[in-house]
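What follows are several structures.
After this come two complexes, each holding chain A, first together with chain B and then together with chain C.
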Partner chain A sequence: MATSNLDFPFCHDVGKYERITKIGQGTFGEVFKARDRKTGRLVALKKVIMENEKEGFPITALREIKILQLLKHENVVDLIEICRTKPTQFNRSKGSIYLVFEFCAHDLAGLLSNANVKFTLGEIKKTMLQLLEGLFYIHRNKILHRDMKAANVLITKNGVLKLADFGLARAFSFTKSGQANRYTNRVVTLWYRPPELLLGDRDYGPPIDLWGAGCIMTEMWTRSPIMQGHTEQQQLTLISQLCGSIAPQVWPGVEKYDLFQKMDLPKGQKRKVKERLKAYVRDQYALDLIDKLLTLDPKHRIDSDEALNHDFFWTEPLPCDLMNMLSQHKTSMFEYLAPPRKPNHAQGSSAQAHARHGPHGAVAHQQQQPTDPSYDRIF
Partner chain B sequence: MKPSQNMPCWYYEKADLKKTPSFCDGISSETEGRYRREGPRFIFDMGTRLGLHHDTIATAIVFFHRFYMFHTFKKFPRYVTATCCLFLAGKVEETPKKCKDLIKVARSLLNEGQFAQFGDDPKEEVLTFEKVLLQTIKFDLTVEHPYKYMLQYAKALKGISFYTQFQYNLSFGERSKIEKLVQMAWTFINDSLCTSLCLQWEPQIVAVAVMYLAGRLCKFEPQDWAYNRGRWWEQFIDDISMDLLEDICHQVLDQYSQQKGNKGTVSSKVKRERPKTPGDVDKSAEPQAKSSRSEIHKPTTKVRVVY
Partner chain C sequence: MDMTTFVSCTMTDEQQHRLAVKFIFKCCPKLNLNDTTLSSACVLYHRFYNHCEVEDYDQYTIAATAIYLATKVEEQHTRLRDIVNVCHRTKHPSRPLLELNLEFWNLRDTIAACELFMMRVLKFEVTYVHPHKYLLHYLMSLSNLFRKRDWRHYPISDTAWSILRDSFLSSSCLEHAPQLHAIAAIDLALQCCKVEVPLSKHAKFPWWKALYDACSYKDIVKVQVDMVDVYEIVSAEPS
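So, the complex of A and B:
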């Protein structure tokens, strides 16, 4: 069937945008910065990979589109439209589909990796405030992000924070009948993965994203990810060394996870979150909020609503707009574009703005992480 | 889904529904009406064979109706489109089925002539259609159906019925009447999907209309004992006129009269099974295997609401 000459009143040709530069690359495909030829508006184009798809349009992309259409919030990246390319002889008669997002000048990982970018305490507060507002909104809409990390937190040149990359996100429900959900636990990039997922939980909920928020918040001061495990076992060890031993005394019911017995969990570790972080984080309220976000037991971990009411946001210095600080930096900062901090590091950071890993991306990513143990390790 | 500024509007005026691409392409309104019944029935049959959830089936049918507001049946043969709609709806509703399995079921349900629509490489044909389908429906993937609203309203009415039982000593028969009404309304929702109603009215309104119709047919009118003297649906939706409800009821019922003389359609080839009802309805509320539709199909049963 010849489909090349069909007219689609609802689906524009991607040619309406002029490509400027590539800003992301990974297993998912490419992300481009582009400009609307008519309006001049800047956008990010994310191509939907169709190669090797035996089952047509990928279900993961359908999920992401559905979720993005549902979520409309200041602190969630805005999907503007979906575009196509006309099938031609050059792409073997297969047109491609692009997701068109509002363009954000930076991602948080890119900003944090640039030593010239300095956040004041008020600016850190504003960043976290927006991040938690975004999480509050998506959780209220029954969506789990499932891939919280600094590279998936975008910031516009005006200092507005946007949660991005819903490629691993899914809807969740609180089961009424007491029947447990069976979600995959192969989600969240290893370094940001909460202990319940590492122990194989399949009935998890919003607290998984708040653990990630805790990791990101700490990173605002440490400037690189705080727990960089190479394996799930090592990640659990790093968590135990910071947050104390994983045991039924602090986490009732943890013994029910199969992996609780199978994994080698350090015993007798004291919780040292505040003690070990105070060298970086001098604000007492900040330390207290981080401590509550990095709570082992997901049932006792602070939720986004409580976190937004935390004194951290309501004491001097109050949250302060990021626009002035960002206006001093003329170039975009993305993790993908950041100069490697050490040789071989570039391949390790496969995470980009507007980008996603496939459903197994989080797992694949883990193998690509740097193996040099001296790499920017905080703990 | 929340209304969004860049989402298309999928509701049409009756005049627009007459001037469809197929009509402009020389297909008569009657023929198009028949195609718009055959496609959905075929989706029902395939979905039931594959054990798909009623929401998946209904989403596929809504995609089907929307698709033909932009394309003609001449260019896009209905059984391929129908198969493609179910393939996509399976993924969208998190109940995916393999393309090759769908084609297998399609082949078993269709005769050779009908299956010829799929061409030499049926799977490739369905996958090609999928791209056209996605772009035509503007990737608007979240679709709601009347089922959940109907159950929600029935549950609320049941609550009132209990309350009035104690107040006015009504018999417990009232309760089973609501269950019968739910059964019948469920079937009418299935039937409404074989009309263009999903292109005219929101699922909430269709839900009220089919309940109203079912209430009339089983001589059970919740408004008889509604304590605030209003119409029972006013607690769910404001401003539905009687004219509108009647118009919707007629559209649901009209297809039965058009049915006669249309034997030998796809649906007659398979044993019709009921789509699954959701778990949150009482067992007794499930439409029985031989419920209203097959009865209504009998030419002797003159189903017409007397107003």
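So, the complex of A and C:
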């Protein structure tokens, strides 16, 4: 029987899309820009890597599919369909699976790394408003993103923001009396990882994504990640230097984490979030919101609902559509495609190496060091 | 021709599926899987054969695959090794245990490949909204209407849970809304225990209408007919 001629009605062949270019490296595979041969619609194809799986279809990919089927929101990336390739001798007779997404022209890290892209205060407000609305929606549906970073925030050419890459996401439940959750704490790219995860928390919740939102919000002004640690230890030191010492006075119960004793936590550090960032962020309301997002104690960190009610979004200049600003830029901007900036010092490459080969599988690609010489002094 | 093939030749498709789903019912407790994972496995099995013919795919392979996929969908992670061993032992109780030989690895690879095939057939739509959580909430609400002593005396919760569990033997479980599914199980349990919900005569609506507005008693009876059918076929089949 000539199996190659069999028609499989349940799942389309990825050949219906014409590949254009590689645009990124997701948590569990490569991402390509492609075009539907029939309709001309642009899509992003994300390959599910299965070659090394001993336990069948990867659970992370299954979670991503389940979660994306559940989430339908303007600010969450839309899964169009799932395609397959035919098994050939080149893939050891195992076909691969592709997730097909709507195509977004840019990612936030790509936009921020391009000095020609300038955001007004109103445009920054619109970006953060959409990001927080996306987070509010996913959290209300009991999903944690667990990999918030600028490269996972996509923006369409019409200025609509989409949260993407749910490769590390999972469902969560609020803990019932006495029964703690035991999720893995090896999630979130190091530079965006909140202090509770760095201290080994396994019973975390939505606040972990809001810490990332705070890092991303600051990046809207600084244009590069604000705390670029090379190790978990260094990341905790950087956090302490910005947000003050991690201590039971500001974070009741923090002493209960095993790692609280084991890690070297700087003592006597004052909280300097507003003070250090005011050189970049002139707006008082913005500074106040960043301060509340970068709260050490997850129980006191602002949630997405409160953040959306913050004065930042309700004072002049009001949030302003990104479409006009983006219409000046004809080419797609992705972090993956951005030309690497000159590293300031040798540590840049080790930071990349760590983020890429970190134990959590969250991939940080081509993070740039800032060219601003004052950067080292401030952070 | 040995006895088993002879029997399966004379069985209807429905009887063959019933045996395979009963096989799922036997394997899941051995694997320490809870009842929601069990019902997900049954739903995946029934959904698969909505698209495929039983002559084309071995129903026990599909049943084992459905269990494996259900453990992933319900986040009750189980090693593929354990699934292979338990399913093999349950299917062939008189044969020697599997060794780490070619047969074991072949069975393992078959289920891994079949898992992907099943997902493709189901268009990757593998989630299922369980009636179980509705059942628990409804029982909590109902228990407030009973005197504590009565509620403890009649095994309403246990009976309802068992009826719900057994209803997954039949593919008709795919057709019911989860709320209706739960209400039908509770009502049947009340009838089995010969209990009426207190104050029913004075209530504006029947209790089920208050819990789930979008149903009629006709709908409930329809689901219950399917539920009772399960037991008739079970007792009629060759032992």
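The definition used in the following text is that the second predicted complex is superposed on the first by the 332 of 379 C-alpha atoms of A that agree within 3 Å, B and C clash if a C-alpha of one lies under 4 Å from a C-alpha of the other, contacts with A are read in each partner's own complex, and residues count from 1 in each chain.
Criterion: a contact is a pair of C-beta atoms (placed from the backbone, for glycine too) under 8 Å apart; a residue touches a chain by one contact, two chains touch by 3 or more.
Keep in mind the model is a prediction, meaning the values are calculated, not measured.
K.L.:
Between chain B and chain C, positioned on chain A by superposition, is the outcome a clash or a fit?
P.N.:
Verdict on chain A: clash between chain B and chain C.
K.L.:
With both complexes superposed on chain A, which partner does A:E55 reach: first (chain B), second (chain C), both or neither?
P.N.:
Both chain B and chain C are touched by A:E55.
K.L.:
For A:I80, using the defined touch cut-off, is the partner it touches chain B, chain C, both, or neither? Pick first, second, both or neither.
P.N.:
So A:I80 only meets chain B here.
K.L.:
Once chain A of both complexes is superposed, is A:F174 in touch with chain B (first), chain C (second), both, or neither?
P.N.:
neither
K.L.:
Using the touch definition from the top, say if A:K66 reaches chain B (first), chain C (second), both or neither.
P.N.:
both
K.L.:
Based on the superposed arrangement, let me know which partner A:C11 touches: chain B (first), chain C (second), both, or neither?
P.N.:
both
K.L.:
Does chain C touch more residues of chain A than chain B does, or is it the other way round?
P.N.:
Residues of chain A touched, chain B against chain C: more for B.
K.L.:
Touching chain B and also chain C: which chain A residues?
P.N.:
Chain A residues touching both partners: 8, 10-11, 54-57, 59, 62, 65-66, 69-70, 82, 84, 97.
K.L.:
Which of the residues in chain A end up touching chain B in this complex?
P.N.:
So the residues of chain A in touch with chain B come to 1, 3, 6, 8-11, 54-57, 59, 62, 65-66, 69-70, 72, 80-82, 84, 95, 97.
K.L.:
Show me the residue ranges of chain B that touch chain A in the complex, using the header's touch definition.
P.N.:
Those in contact with chain A are residues 1-2, 4, 6-8, 70, 87-88, 91-92, 96, 98-99, 119, 125-132, 134-142.
K.L.:
Could you list, by residue number, the parts of chain A that touch chain C in their complex?
P.N.:
Chain A reaches chain C through residues 8, 10-11, 50, 53-57, 59, 62, 65-66, 69-70, 82, 84, 97, 171.
K.L.:
Note which residues of chain C are touching chain A in the complex, please.
P.N.:
Per the stated touch rule, the residues are 51, 68, 72-73, 75, 77, 79-80, 111-112, 115-116, 119-127.
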